[in-house]
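Two complexes, one shared chain (chain A), two partners (chain B, chain C).
Let's turn to the complex of A and B:
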């Protein structure tokens, strides 16, 4: 399973995010609230749950974050849609790769619910903005969990 | 002493300089305050937590940097820092950093490199760089433990032919056995970790392969 997303160009994704990170994070004024980075949440995901949590987070971004985000800057819109398309490609790649082996344990389901609960704490456009500003956490988590060397 | 009036200009260029998780906050003196005894106070914020915290070692300091490695040692969290200038009873507004994510932003120094040459070979032995330690006597932690897919970009420049050859490796030794004798080669090594591209910190050294050993035969007449 670890090799499922190895074909995804993570560098391009990270580059797209880096180009809009400052804009997104500067507009996010709620420093005391986090959507993804309750680290006990993501860091504690076991290898067996990586597929489910990846899929759930891709769905979270596709169905909530990208939809709820209101953006005026064309530059930012262009990069967010590039990221959104990459996520769609990632989700398709994952589905083809795992053929229904994407088992969701209670922990994986709880982790996903926590993220949605965090999201619901904020007004929707603020929540979307914050989630976009935290994409680097999700991308780093994917990088670590999906492309580790075969030795691990 | 409460500050009567906060009209001083803010410190500028406030940023984290991070190498192997040693995270030092740097800033520049506020403009227009030459020849004035300015001191600074630093606070930091753990993203997702509740409030700003004082950097105990950096209250009313006159230098323009503050080592926040201890405060930001959980490198998977994200942080902000801010600094304000103080002069007598006057102070500035806070100058604040962007959100700082050590895991994705720290620069990784090059590995330790040992070169051994033969007539037609150079052997390159690499040792992963060490992560910043809270106390010198703490046992060392390799950056390989922080980044399991830490790689090394090794390039070799042949000063005679002008050609450069490079390879990305994960293991710790590399032997180049197809070289020319008595030739100067310049070796360059840098560490590569996943995530956004970071400022490279290359290691460089030039070394010459040995001369061909001509064996002398003694002929008995």
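Let's turn to the complex of A and C:
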């Protein structure tokens, strides 16, 4: 599984996020609320579930976050487009790579549900803004679980 | 309607070489006037999930030229739609759309240019700098019967790379190909370049 996403340019993804992170997080007024925090304590998730969690989160961003976010800055729009299209490519690559071996345990399903529940607690544009501002958590998850340790 | 009497740009096409992507179109001419062009794009995400969204290209919104470098806009290996419009004052043309979506995995990869030199006893190669997406596979061998080919992966161009310490009087040959991980493709090999270190070969 670790080799599935080797063609993804993580460096560009992280750069695109860093360039808009301050703008996004400045506009986020719900500082003491988090949506993706559950990902940080998923260290115990079994390797067999990594594919499911990754795929579920790519779908979360694809179907909810990128659609719900309203953006006026053209520079931010361009970078979100980079990330959204890279996620689309990543999801296709993942699906082709693992075929139907993307097993979802109860734990993985619960983790994803928690994220959706957190999202639903907030008004939709605030939730989308916060989820974009927390992309670093998801990108770190992908780096930890999908990139070869020697990747530069 | 006075706003749309300009003709739309014709022959709108894309040419991509070594991950540099260039849009081109024919001029829209208005005697004595300067016509501007606006280029917009949609990645596959936008066309599938937010089809009303078109993003102005980072380099050409507007431009007076007849070309547009969209390399910085095409940053994922998915199909991209492009369109261009001509504008003159309040007059604007209809949009011309690219006939087929463009995917960067269709870029033409050329064999990399390289310079092979001997620095004292050392065989050194310097490769063309093609940008951060490129790595290179360098293959080198001694020009003698039964010689074994050796391989080295070079992470970026423009930096001299030491291949081997040479024996005097022996001919060494080098060839290279460009690799692009993000599209999972590589170029053909370059023509081999051979150099010989001066001086006699040592008696056995």
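Quick note on the criterion: the second predicted complex is superposed on the first by the 142 of 152 C-alpha atoms of A that agree within 3 Å, B and C clash if a C-alpha of one lies under 4 Å from a C-alpha of the other, contacts with A are read in each partner's own complex, and residues count from 1 in each chain.
Rule of thumb we're sticking to: contacts are C-beta pairs under 8 Å (C-beta built on N, C-alpha and C of every residue); 3 or more make two chains touch, one makes a residue touch a chain.
A quick note: this is a predicted structure, and the numbers were derived from the prediction, not measured.
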Checklist entry - Now for A:37: first (chain B), second (chain C), both, or neither, which partner does it touch? => result first
Checklist entry - Counting only touches as set out at the top, which of chain B and chain C does A:25 meet: first, second, both, neither? => result first
Item to check | Which of chain B and chain C A:62 touches, first, second, both or neither | outcome: second
Next on the checklist: One more residue to check, A:133. First (chain B), second (chain C), both or neither?
Outcome noted: first
Next on the checklist: Taking the superposition on A as described, I'd like to know which of chain B and chain C A:10 touches: first, second, both or neither.
Outcome noted: first
Checklist entry - Where on chain A do the contacts from chain B and from chain C line up? => result 11, 152
Checklist entry - Which residues of chain A touch chain C in their complex? => result 6-9, 11-12, 16, 62-63, 66-67, 74, 77-78, 81-82, 84-89, 92, 152
Checklist entry - In their complex, what parts of chain C are in touch with chain A? => result 43-46, 48-50, 55-56, 58, 73, 75-78, 132-133, 155, 181-184
Next on the checklist: Going by the contact rule set out above, which residues of chain B touch chain A in the complex?
Outcome noted: 45, 47-51, 74, 76-78, 80, 98-99, 101, 103-104, 148-149, 170, 194-197
Checklist entry - Inside the complex, what are the residues of chain A that reach chain B? => result 10-11, 14-15, 17-18, 22, 25-26, 31-34, 37-39, 43, 133, 136-137, 139-140, 143-144, 147-149, 152
